[in-house]
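First chain A sits with chain B, and in the next complex the same chain sits with chain C.
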Partner chain A sequence: MNERVQLLLSTADDELIVGWRDSEWTGIAPTLEEDVAFSSIAQNEIGHARALYELAAAELGTNADALAFDRSPHEYRCAPLVELHLLEWAHTIARRYLYEEADRLRIDALMRSADTELAGLAAKIDREETYHRLHAELWADRLRDEPRFRAAVEELWPYALGLLEPELRPELARRIGLRVDSTQAIERGEHTPALAELWHEMTEVRRSEPGAEW
Partner chain B sequence: MVTAEQVWHALEEIPDPEIPVISLVDLGVIRDVRVDGTRVHVSFTPTFLGCPALEAMKRALEQTVSELGGEPDVEVVSDDSWSTDRITPTGREKLREAGFAPPAPRAAGPTTLVQLQSKAFRCPYCGSTETRLENIFGPTPCRSIRWCESCRQPFEQFKTI
Partner chain C sequence: MPVFEVFRQERKGQPFAHAGSIEAPDAAFADAWAREQYGRRGESEALWLVPRGSIHAVTDWADEFDLKYRRVDGYSIKSRLKEARERAGSAAAVDS
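Up next, the complex of A and B:
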């Protein structure tokens, strides 16, 4: 697997799994407004995953669905932050906020890449992410002085560091107002037990009829 | 043999699967039509990558080309060449008539919350600018929900991207 495919799969897996986790709020968010927001963000993140998987699939001679659903959990390249099963509002908002801030830096780097296909896709994703960022910033501003929210941000910070390559981490720390301690980072590569549980549910229908055309 | 002009003409009849008042051509998502013998190459850009209507659009394009006797080759281009500024004036008018406020023009930088909360958004029903943002997100990724203080009803606002 070349470096480009690895990068595409890491990013796509993050987007798919964070979208999946966000979609868990559909129907149970504290307000209808947030039900709609989380559902819409989830749909869009999964759409970004699809577009990134398609670029990887073209190189690997497969398709986006196969990459999204037919790999085993240990083959996924997502960062542990997106796997966590956090059905608690302060942590959910802390993850959205940290994820969007880190994703912004990663997309920005991809937009400047010499790979025009990837740079073009990153530019499109960037435009759409504007609205996810507004949502995250709105909540982060509202909860900034709440001890529960601040504790959640600090607790998830080592996971947030693991989303990014080391060279992008200082900028993330500057934006969030925390310090980089790379020994503390929970790196991509190891998975939490939550991923296998999520994977089981996510792929259940597809696995029920292997090879079916849906 | 089919010409590019005939293809464009036929594509004008394909409605957007989710907002059928507007055609794919008026939406500005058709990027290019090229005819090479019997083969008709159509490239289009999705509005939002999370758009669930992407496959439906692709199938509709293929079917239209086939009905003209061409051999369809539909390519989805996922770059940033589409923005809401590409919706045609006719398209914007059709959206408004159907109760969807057309998108505001793209500004130099990314959209900010201050812009969304400004008085620049007009109610498609009564024309008032006394409207406020209810939710950045709506029934599809491309729409927000606003509320008109004048005629006291909610309406859908196309997001600017």
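Up next, the complex of A and C:
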């Protein structure tokens, strides 16, 4: 697997799994308006995953569905941050905020890539992410002085660092107001037990009829 | 929680029409939520979010003297139009 495919799959897996986790709030968010907005954002993330999988699939001679659902859990390249099962609003918003801030830096780098296909897709994704950031920052600003939210951001900080390549981490730390040097990042590569559980549910229907055309 | 009335413009140049409402603590949240609810399918060119309290509603009307002629449905011109058409038709028939 070449470096380009690895990068596409890491990014796509992050988007798919964070979208999947956020969609767990559908029907149970704190207000109806937030429920609709949060679910819509979760769906956008899954849409970004699909577009990224399609680029990877073209190189691997497969399709987006197979990449999203037919791999085994250890083959996923997502960062542990997106795997965590966080059905608690302060933690969910902390992850959304950290994820969007990190994703912004990653997309910026992709938009400057010499690979025009990838740079073009990154620019397209960025136009949607602008509104995800608006939503995340609004909540983060609102909860900034809440001890529960501060604690959640600090707790998830080592996971957030693991989303990015080391050269992008100092900029993330500057934006969030936390430190890189004194933090042991929780790196991409190892998975938390939450992923296997999520994978089981996510792929259950597809696995029920292997090889079926849906 | 405050309610914002949402007005939606479908295409540039078209009038804004009332589309629904959003319950939000302030304009910033109303903005974030309305985008997802009224704009994510490309159905809107623009939205106006108006705090419900800013709307001055007018609902009562005085028409004590029954001045029907000022209303659009004040009197029917249907039968007169029909007569006029028939006259014009017979005149045209005479001409040819």
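We adopt the following convention: the second predicted complex is superposed on the first by the 212 of 214 C-alpha atoms of A that agree within 3 Å, B and C clash if a C-alpha of one lies under 4 Å from a C-alpha of the other, contacts with A are read in each partner's own complex, and residues count from 1 in each chain.
Throughout what follows, a contact is a pair of C-beta atoms (placed from the backbone, for glycine too) under 8 Å apart; a residue touches a chain by one contact, two chains touch by 3 or more.
Here the structure is a predicted model, which is why all the values come from computation and not from measurement.
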Margin query: Please determine, from the superposition on chain A, whether chain B and chain C clash or fit.
Written below: clash
Notebook entry, point to check: Of chain B and chain C, which one touches more of chain A's residues?
Noted result: B
Next item on the list: Check whether A:51 is in contact with chain B, with chain C, with both or with neither, and answer first, second, both or neither.
Entry: first
Next item on the list: Scan A:37 for contacts with chain B and chain C and give back first, second, both or neither.
Entry: both
Item checked: First, second, both or neither for A:135, with chain B first and chain C second -> both
Margin query: For A:123 in the superposed arrangement: first (chain B), second (chain C), both or neither?
Written below: first
Check: Which positions of chain A sit in both the chain B and the chain C interface?
Finding: 33, 36-37, 40-41, 44, 131, 134-135, 138
Check: Along chain C, where are the residues that touch chain A in the complex?
Finding: 1, 22-24, 28-29, 31-33, 35-37, 40
Item checked: Partner chain B, residues of chain A touching it in the complex -> 33, 36-37, 39-41, 43-48, 50-51, 54, 117, 120-121, 123-128, 130-131, 133-135, 137-138
Next item on the list: Spell out the part of chain B that touches chain A in their complex, as residue ranges.
Entry: 48-52, 78-83, 110-113, 116, 134-141, 145, 159, 161
Item checked: Residue numbers on chain A that touch chain C, as the complex places them -> 31-34, 36-37, 40-41, 44, 131, 134-135, 138
